[in-house]
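Chain nomenclature is as follows: A, B, C and D, assigned in order of appearance, with residue numbering initiated at 1 for each chain independently.
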Amino acid sequence: MNEKKEPILRAENITISFGGLQALDGVSLVIYPGEILGIIGPNGAGKTTMLNIINGFYKPDKGRIIFEGRERPKKMKPDLIAAQGIARTFQNLALFSGMSALGNIMVGRTMLMHSNIFSQGLYWGFSQKEEIEHRRAAERIIDFLQIENIRRTPASMLPYGLRKRVELARALAAEPKLLLLDEPMAGMNLEEKEDIARFILDANEELGYTIALIEHDMGVVMDICDRIVVLDFGKKIAEGTADEIKADPKVIKAYLGEAGG
Amino acid sequence: MNDLPMTFPKILIHNAERFPPTKAAIREKDYGIWQSYSWQDYLDQARDFALGLAALGFEKDDKIAIIGDNRPQLYWGLAGCQCLGGVPVPLYQDAIHKELHYIVNHSECKFALAEDQEQTDKLMHLKDEIPRLKYIIYDDPRGLQNYKKDWLIAFTDVQEMGRKFDKENPDYFMNAVNDVKPDDMSIIVYTSGTTGNPKGVMLTHRKIAECSRGFLQWDNLDQIEEVMAYLPMAWIGDHIFSYGQALCAGFTVNCPESTSTTVLDQKEIGPTHIFAPPRIWENILTQIMIKIEDSAWIKRKAFDYFMMVASRVEKKRIANESVPLIDSILYRIGDFIIYGPLVDNLGMSKIKVAYTAGEAIGPEIFEFYRSLGINLKQLYGMTESTAYISMQKDGDIDNESVGPPAPGVEIKISDNGEVLYKSPGNFIGYFKNPEATAETLEDGWLHSGDAGYMTERGHLKIIDRAKDVSKLNDGTMFAPKYIENKLKFSPYIKESVAHGKDRDYVAVFIDIDYGAVANWAERRHIGFTSYTDLAQKPPVYELIKDEILKVNKSLSKDPRLKNSQIKRYLLFHKELNPDDGEITRTRKVRRKFVAEKYGKLIEALYTPGQENVDVEATFTYEDGRTTTMKANLKVRGVETF
Amino acid sequence: MAFFFEVLVTGLMVGIMYSLVALGFALIFKASDVFNMAQGDMSLLAGLALVGFLELNFPLWLALLCTIAIMTVLAYGTVFIVLKPLVARPPIMLFMATFGLAYMIQGIGQSIWGTQAKGLNLGIPDIPVTIGGLFLSTFDLTFGAVAGILVVILVWFFHKTRTGRALRAVSDDHEAALSVGIPLLKAWAVTWMIAGIVAVVAGIAWGTRMGVQFSISYIAYKALPVLIIGGLDSIMGVIIAGLVVGAGENLSEVFIGPYVGGGIQTFFPYLIALLVLYFKPYGLFGKEIIERV
Amino acid sequence: MFYRECGNYKDSYASDMAIFPIPLDQYGFIIMMIFAFLVIPLTASDYWLSNIMIPFYCFGLSAIGLNILAGYAGQISIGHAAFMAVGAYASLILYGRYGIPLIPSILGGGLISSAVGTIFGLPSLRIKGFYLAIATLASQFIIQWIIVHWQWVSGGVFGTVETPDMQIFGLLINTPVKKYFLTLGWVVVLAIVAKNLVRGQLGRNWQAIRDVDYAAEIIGVNLYKDKLIAFAVSTFYAGISGSLITFCYYGAANIEEFHVMVSFALLGMIIIGGLGTILGSFFGAGFFVLLPIGINQVLGNFMAVVPSEILSNLEAIIFGGLIVLFLIVEPYGMARLWHTIKDKMRLWPFPY
């Protein structure tokens, strides 16, 4: 059913290399609005690189990104790309450790806030009104992810699982049109994984977020993703629903190959 | 007094009229701050919900089951249903399927109001089994968006229907409210009962209003009070306290953000009035002890010393004797250094009056709180009497009694020592259970089932459940609850079951307090894997033995109880659990059940020389699944004095 | 034209000495990721100590030896007392710690040997000589030579000796070095000691030229731009940058200075550094760090 | 032990997000203000007012500026004294040479310093860490050189400009008490503004840049803009501070008072006081100003007059030693210690 919709993001023929290492080689993928897209593949397949290109942290050597029907200029800065509505979480946590969970989430809303420095310095009128309005929004996310009891806890003091959750909260706080999650469940136990999977599904179904995620846990990916893209050695080797992927001989080979050596 | 409204819908309307919109009727910590609702909001919310129910076909005398944590929406739902002359049936939120099934079926509920997905799921299972249950209404829509059923409706949607219904039938609401009479049934509270199926206690608007007002007058409480609503709505205590008293006085009820933040939330609010069962007071005490144990040496010593001073001062105060100057100076210092900050951290520094009710509290625990300067008092009441029988009066407190009869209450002691009473709150009867009603209510006198007597000061003293009090073989009186409560003063003991009826001596099962003992063990580098493992560690046995010795010492001082000192004990392999039927949801021990289930263990306690006993136990999970485990328990002796 | 070359060569001679100080920075940075703000003060301490020992009528060789001993104690003390507790902390904290260290070295050195400027005369004549038609100072030449030799020795040490290679291994990858059994802190201490010896030479060179006094610690500020132009972690880069800065500074002072009021050598190196950084954020020879997320 | 927080609930975000959400802290602040505005001017001697309180406030202000840049935004600067100099000279020129009223002149000094600071902040767009730290050192030397060599600025004699008499609406600011109030007024207002900035969106963005710059950028923080604003705000504070210290304490703008060692001292202050806190800036400044007096007092018991040589060396050793000690034991300085004590007091007698 998704095929009929216009994709929210279209990455065409993305190629990038780092010092001779071909990280991605002519990969194209599309993300449709409202779906959860899973990106899987063996280690070093270029999954994180793909996310880094989608949100502009890396600039591709070749290829182009079309977001909401407009081609992205070559040298667009990441914060402007974020402003277009792409948010993400990181594989190796990148929380602002000197701030509380709430502070982190409020940073997520930075693009939506507009009061100027003078107003902020006085903390008066528009600035205060804006702070309160965005605090309210941040609290909805806190409520959504059930992290009420840690909102004042410094991020550096949080246990791993909660850090991941706060990072998800920070990304959600930006109210992105496209949410990129880089291994949101890495290093979690089964229960925590179930929680996060639940939150991702809720974010998708209840709040209507479009999500692309990288995840190693096949079970989870198959369960929650509408479509799956498989990368291997910087190339896309398969794309389709969970069932199609499971049956794809190339995928099986890539995974068995990895397991075998 | 007579011109005061006597039905809760009227009281609510009265409140909305007499209080300004700036006065908070109910607050809930939500989204990080306290969201306040005025009495007008309370009324509007209840009214919209009521009319929504009407639109769905709710009629007078229909029952609605209410299940969930304390949330404004559930109180609004309760009030709304009463506006239509309906009868709410509050349920324990941790009840398992079997219990829910029984109550929802027995009470003939057509509607159910659930807090969230968890409770909705439970009710949805019932829906298939109980065809009478027509609609399930939920408050928190989280996770429910995929449950597309036309009989499953959101609270706000019901209210929306209500607003629409109101436009079409503008007079409906007031007509319905006027139709509700003071002597109409206002609620059915199911008592868990230590034996058999729960029984539905039917109470009326008048009874609840009169008892609530009686309480308020007793302690001069009024609209400025702040209370925390965190006890189960299905407990009569919460209904009187967070609903009856709140509406009658117009004071503010505060709902915590979540169960895990209750303590913090209480600290923020600083309630002026607390009503809690002994279990809560015991838990807080345990928490205090653990934390003090963890604190620096100097603080520990200061705590110990000043608690000693406080206890000395409190003994004088209770006896209405003057406190020696030096002690009163020391108490002031202690108040600044220890009691003041400690009470403040517990969120209890604004308390005018606190009650312990529902069960007997250990005298040591009671004294502990009073010595800190918290005005804790005992109250004796039952669901059948709208919790209104007797309570202590300021300036006339003692550890052991539950105070003089409340105004309008008559108490007499039957020939076999059972407490009988006539209270304005006496119930109309058990719902659909005339036999039980007849058994309990004779000529207007209610059988409490408790053994007790009136002291010289005119206070009622409760010894134990009448049927539990018995004698040892040597004729010594044996009151198990009394001994158990003494044991529970120890932070390491969570629950205990004393045995001794028709035996030579007293022996006990002990349920360790896992948190406190685990903390103790970690401090001593004792490794353990589970509750069972921890409970069976020899050092833990030694630890508990010391606690029992303290109890024996205290028992030895009372000539009547000297012989009921504890001789043997064993540490239980699991926590007593209402899901396993060993204790009730209000945490009263079901003695008969325990005696039957663990007969083998009891025998071991009374078999001289037996040091070990095997046990096989079934656990029940929340979802009703069960599992079996085996353990080998040690049995040990204790010295007596 | 000869004048130009005179200025150039003089500049290069000074530049070598800049390289020397900058080398002290680079060595420590390469080994421990610590940017040592106390490098200048180490030179000051060395100069003060040397003069102090000479004043006690120690023979030169003994005075030198004692000074080096002091620098060794300082190196070990710094590494095992100050840096050890900070090992896992962010580099910026270590940076700031060296800055506290600078204050301490300064205070202790001056407490012991006083704050007055003292002459240091090692008997090297400062007379102009003519070489190939250029007028040059023997003094500059001598120290240029000494510094040059020291630089060569250091490069040889780090590339050809076992210890040197081990030290480099530590700097390239702390964990790998640990896993092959090189004790991290010991390696750091050796590096700090070497940096201390470099500081001794720099202290002598500058002390002889302008007297041993507080302002010696400022030569560190001369070395800083050298360091960033060369790239913090490149030894060769630092040497080349030192020469470039020395020459550029001298040339600009002589040829541009008069037009703007003189004294531009105080900041001219920084201008070059800013310019370089604008185009090469990690210096001319520094390793670029690719960020991964 | 002293905290009683029971019953302090917040039913609006405005009260929850106030500067002092805990009542006792509010009272503490009020008491402090009464102390600063009434008790000190009434009781302190002229020596204390002019030689201790005024420099303490001025260095505190400067430290706030540096703390915003280094402690909050994570951009180390070792050229901060130079911006104090810019502020000092600029306001003197505005006031003395162009006859602009005093308050606007001081403000102008801050703004000009801010403009210069923003220019020197430009390298932060490309470089970070030590490279940036050294680049900021460039500002120190370049500004120093310009002030000394550009006769229009310095008047030509060793970079020294005398301050003329100070007047506000005809009121002559000539006594220590008046100067004290002039300084205090600026400091209180700017400290509150700083507190507001760091707890608002800008402050959060700065901390985000400090903690993980790439994540900040990817979540939508405009690194360039916010770093430059940090430089602008920070050097504005330095400028005002330089101007005040010149008008009210030194009495003449002298380039030697804004030496690179002062930049270092400022950095030391924020480390000892507490990186990333406004309060800590004052702790650090107070410590720095009081240290020589403290040493004097202690040594004064043993010798009649403490030689300035010993004094300055001992000062350096203690100052340096404390920087190292704090970094090892409490990297977030006295302010963190203060908070730890406060938290202990709030939880007393419980440990957690």
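Observations on the structure shown:
Methods note: a residue touches a chain if its C-beta (ideal position, glycine included) is under 8 Å from a C-beta of that chain, and two chains touch if they have at least 3 such contacts.
Keep in mind that this is a model prediction, so the values were computed, not measured.
Both subunit B and subunit D are touched by A. The chain pair sharing the most C-beta contacts is C-D. Ranking all chains by how far their C-alpha centres lie from the centre of subunit D, first place goes to B. Annotation: 47 Å between the Cα-based centres of subunit A and subunit B.
Centre-to-centre separation between subunit A and subunit D, using Cα means, comes to 40 Å. Inter-chain spacing, taken between the CA centroids of subunit B and subunit C, is 76 Å.
Among the residues of subunit B, those in touch with two or more other chains are 32-33. Annotation for subunit A: residues touching 2 or more other chains are 57, 90, 94, 135-136.
Within subunit D, contacts with two or more other chains are made by residues 12-13, 16, 214-215. Residues of subunit A touching subunit B in their complex: 102, 135-136, 139-140, 142-143, 148-149, 151, 198, 202, 205-206.
Contacts from subunit D toward subunit C in the complex involve residues 74, 76, 123, 126-127, 129-131, 133-135, 137-138, 141-142, 144-145, 148-150, 214-215, 260, 264, 267-268, 271, 309-310, 312-324, 327-328, 331. By the touch criterion stated above, subunit B contacts subunit D in their complex at residues 24, 27, 32-36, 226, 267-270, 288, 291-292, 294-296, 299, 302-303, 336-338, 340-345, 347-350.
Interface residues of subunit D, counted against subunit A in their complex, comprise 12-14, 16-17, 193-194, 196-197, 199-202, 204-205, 207-208, 210-212, 214-223, 229, 233, 276.
Considering their complex, residues 55-57, 77-79, 82-83, 87-88, 90, 94-99, 103, 106-108, 110-111, 113, 115, 117, 120-123, 127-128, 130-132, 135-136, 170-171, 174 of subunit A touch subunit D.
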